[in-house]
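The following pair of complexes shares a single chain, subunit A, combined with subunit B in the former and subunit C in the latter.
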Partner chain A sequence: MNDKSIALFENVVTKYGWLLFIIIIILVPRFVISDYVVHVLVLIALYTILAESLNVLVGFTGQFSLGHAGFWAVGAYIAALLMLRAGFSFWTACVVSMAAGYLAGLFLGIPSMRLKGDYLCIVTLGFGEIVRILAMNLEVTRGPMGLPGIPSPEIGEFVFDTEKSMYYLCWAAAFLTIYATGRMRHSKFGRALMSVRDDELAAVSLGVNIAYYKVHAFGIGGMFAGLAGALYASWTTFISPDVFQFSDSANIFCMMILGGLGTIAGPVLGAFLLAGLPELLRGFAEFRLIALGLLMIALMIYRPGGILGSYDTAGGVKKIRRRRIEREADTNVT
Partner chain B sequence: MSLSVNSISKAFGGVVALNNVSFSVEQGSIFGLIGPNGAGKTTLFNIIAGVFRPTAGSILMNGAHLEHEPNYLRIDRSIARTFQNIKLFHNLTVLQNIVIGMHTKLRRPLIESFFHTKRWRAEEAMARERAMEMLTAFGLADRKDLPARSLPYGEQRILEMTRALVTESKVLLLDEPAAGLNNVESGRLVDFIRMIRDKMGRTILLVEHDMNVVMKVCEKLVVLDHGEKIAEGEPKDIQKNRNVIEAYLGRKFANETEC
Partner chain C sequence: MYLLLQQLINGLAVGGIYALIAIGYTMVYGILFFVNFAHGDIYMLGAFCAFFVFTFLGIEVTGGAITVSQFLIALIPSMLACAALGVVIERFAYRPIRNGSRLSAMISALGASIFLSNAATYLFGSQTKPMPKLFAGKYFTVGSATISYIQTAVLIVSLILMILLHIFIKHTKLGKAIRAVSDDQRAAVLMGIDMDMVISATFAIGSALAGAAGIMVGVYYASIYPTMGGIAGIKAFTAAILGGIGNIPGAMLGGILLGIIESLGGAYISFGYRDAIAFVVLIIALCAMPTGILGKGRS
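After this line comes the complex of A and B, so read on.
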């Protein structure tokens, strides 16, 4: 392909890519009869929300967090308990668990003002474990026995109790998350987050209150993870501490890195690859983890920023055009 | 507008980096802060910029005490700065870098950006327009969509200054603006600094090692040595000042030049 046809392709993709994706997602259940495939796609929707919300923390703000399953668990348990014990409807429980995720984020964000890199990783990792161990030991969460019988969401007479209805609900939430993070990226708030990521001192010198933005990045990341938690609880109708392991935090982290750190489409792609591929490769059970490991290694060597490129200001596909401008700029200088 | 530094002292443990330094910067002047290595210039600069808190003394801007304010509030006090080793947002475009300079001026809350309300769009359009104006004025308009890291060094410096200027702060602190520039570029820098003062009416306080630049551009100088102010005055007087020659070149040389 020459530059021109690539340019045409990238125009179509950037303009209509999301629309196309939404249409495909809406149409899939019409053609797919197998509940199993729909089930996997619901899981991918939830992982999309999680990876996208972690992206606000890591991709935008540059704060490494390995405790995202903790926020997920907070959301799931709060929603489940409110519905089971207090008789809340799913929708109110969902809003409350988002608020709880937000507060948990702020709480975890406070040490983030002083910690960076590896140290922050350890603190967030600890947070994930604390949440899991609390769920394991508290009476109200019934420890390792978990919480069964979580009701499904309802609107009037309609109950979201089939895979397909949950599929639409979860993807709607996923698109909401994608939309919100996408819009945020091009707002004052998003720019401030990215300025903190790129250079804290410079950001401060321009009047960016970095403590506020770091803490709120955690808050917003936690909020959407709380949403994913509430949906998850209601979808599986049963949660236990085993679900929210460290490996899930790591998995979400890998999705975001694999797809493209700091991009909007990246985490979605990552969720499809890391939640979808293992299902496709079930036949090769023992080899799939090896294959995934090799994929990650290859990626880190050849595309360290992820498949869709990292920190790309204009979105992955516009890269080629940018390279052209850069080439011209170089020739102008010399 | 007036910025004054009143008997500032700063000690790092037992090391006294600054001892009772005072001066005041007049509005619309180009003020230089010089001294040999280890004289405490950068420490003082950082105290004015809010990175360090002084051990004693005060910094006054229009009569308000700044010495204990957190440093992100310096912009609200109309003080902007640049850095010795250029600090840009490398992964963001040139235009985004400038727009972040307007951070404190954008008022619409986050929630409005989700719905792209009319007021939000108006504010963003205003910010972009203003940013483009500045980029055009400084000859970076055709670079607006490039990531900041891809600019050549000289342009990165200009971008950093443009970003500090777009904050509309009355006082601009420049930390070694000529560091790493060649003769031609530092000549351009002198014109640039004068232009900022003359056309945009900013007050400039700079720390600099390159004496060519300092003597050409500054109207008033303060010389520090071992944390103390040893001289203050116009560049031509400073050049003849015995204390200054002694501090830079040693007592023997100072004696020789005198006779």
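After this line comes the complex of A and C, so read on.
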């Protein structure tokens, strides 16, 4: 394909691709009878929210985070406790857990003002572990026994207690997240985030308040992860600290990278691949994670920008980023 | 006072193991600037390798005991196997993307880690396997604290390996080449140093030390399982960062410090929060000293 036809293809895809995707998602439960398939698709919707929100942090702002499951856990536990102990409705609990995720993000964002790269990785990783250990040891969260019997969302008489009703709710939330992050990319706020990622020095000299944007990137990432947590809690009706491990943070991180860092469609594709493919390969249960590991290595060798990486990001920005990363690597040793 | 002394000793033994694993992280980071997430799984495979050597020698693994010579007989092939594995992983998972971004190296490392731990689960089964004990039930007392022989042995073996590594890095030609590459890659290559060879050597040494740590943990706790690499890897990475990543003495110091902080925190604050205490200390330490204890400041 020459450049012109690629551009045309991209145009069509970006114009109608999302519409087509939404229509497919709406129609799927009509044709799929198996509750199991719908169950997997709900999981994919939740992972889409998580990967997309992590993308705000890593893809837009360039702040590494390996503790995203921590925000997810904060959202899930806050929502579950409010519903179980304080008798909140799902909707209020959901808003509160988004606020809690936002605050947790601001809190974690504070060290990010001083740290970057691998140091930030380990601090965020530590945050995820601390949240899990707190959930394991606090009395109110009942430790490893977890919280059972979390109520389903309700609107008037209607209760979201079937897989299909939760499917629509979770995908609605996923599309909300996708829309919000997509809009953010083209807003003043999003452009400021990307300027922090591409070149901090240039951003400062243009009057971008780096600390503010870094901390708020964490806040917004945490907020959407909190939304995913609240949905997850009332979908499975049971949460325990085992759900929110480091491996989940790593998994979310990989979804975002495999799909295409900094793109909007990438994390969605990544969620389908990493949450959906293992379920498809259930017949080969023993081999699926082995294959996943090999797939990740192969992708990084043959398509380091992720599957959709080259479509959405401008080549120039990428080059600048690589140069910046190299420079950072150089200054790390000296 | 008794508790303090006892916990210091426990912390030193665990810290020695963290230090051995942390060295591998730090050496790879010093040269390639990425976190080798598969390192924890190499440590796990070291333990399993020792398990198979013991079975091969006909030693009773369940509740059995081994002598020092049997321990050494298992230690050497395990370290060699881990060294080979480290070199192979580098060759296939990291070398093709050496000139790519650090992010893709990190993902590739995560992939290698997922591959190794799941391949191990598939091959060896997911259940915990017993290991024979070294110096079972033997201990001596200092004041009122009891020190078991195995704790002393773990600490001594870790110290010997670290001293050997120090001599190797400081006084051999290959060690000098490793230092040169981690100081300035471009200049080192211009001086005729074979980068590929140095990187392979780095992976071999780091992996061999991780393998040694694996077998020592195996005989210390008398049990091994395929996912043991995950949490140990995170802890050792924490230790490497705490000491200043890229700096070998820093990794040793960070490992020992982390071990001590953990045991003291577990004893005086709460056992359940032991792991959280280590991370809280790390976060505070990093915010105060962003380059770690012995790390060089960024220019």
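Keep in mind that, in the parts below, the second predicted complex is superposed on the first by the 300 of 334 C-alpha atoms of A that agree within 3 Å, B and C clash if a C-alpha of one lies under 4 Å from a C-alpha of the other, contacts with A are read in each partner's own complex, and residues count from 1 in each chain.
Assume contacts are C-beta pairs under 8 Å (C-beta built on N, C-alpha and C of every residue); 3 or more make two chains touch, one makes a residue touch a chain.
Only a predicted model underlies this, so the values are computations on that prediction, with no experimental measurement involved.
Peer 1: In the overlay, answer first, second, both or neither for which of subunit B and subunit C A:28 touches.
Peer 2: Neither subunit B nor subunit C is touched by A:28.
Peer 1: Once the shared chain is lined up, is A:95 touching subunit B (first), subunit C (second), both, or neither of them?
Peer 2: neither
Peer 1: Once the shared chain is lined up, is A:205 touching subunit B (first), subunit C (second), both, or neither of them?
Peer 2: First partner only, subunit B.
Peer 1: Thinking of the overlay built on chain A, is A:195 touched by subunit B (first), by subunit C (second), by both, or by neither?
Peer 2: first
Peer 1: When the two structures are laid over each other on chain A, which of subunit B and subunit C touches more residues of subunit A?
Peer 2: Counting contacted residues of subunit A, the larger count belongs to C.
Peer 1: So, A:106: does it touch subunit B (first), subunit C (second), both, or neither?
Peer 2: So A:106 meets neither subunit B nor subunit C here.
Peer 1: State which residues of subunit A lie in both footprints, the one left by subunit B and the one left by subunit C.
Peer 2: 322, 325, 329, 333
Peer 1: Mind pulling up the subunit A residues that touch subunit C in the complex?
Peer 2: 111, 114-115, 117-119, 121-123, 125-127, 129-130, 133-134, 136-137, 246-247, 250, 253-254, 257-258, 261, 286-287, 289-290, 292-297, 299-301, 304, 321-322, 325, 329, 331-334
Peer 1: Can you list the subunit B residues touching subunit A in their complex?
Peer 2: Residues 49, 51, 70-76, 80-81, 83, 87-93, 96, 99-101, 103-104, 106, 108, 110, 113-114, 116, 120, 142-143, 145-147, 150, 152, 163-164, 167.
Peer 1: Can you list the subunit C residues touching subunit A in their complex?
Peer 2: Residues 29-30, 33, 35, 37, 92-93, 96-97, 100-105, 107-108, 110-116, 118-119, 121-122, 182-184, 230, 234, 237-238, 241, 245-246, 270, 272-273, 275-276, 279-280, 282-283, 286-287, 290, 296, 298-299.
Peer 1: Contact residues on subunit A for subunit B in the complex?
Peer 2: So the residues of subunit A in touch with subunit B come to 179-180, 183-184, 186-192, 194-195, 197-199, 201-210, 262, 310-311, 313-314, 322, 325-326, 329, 333.
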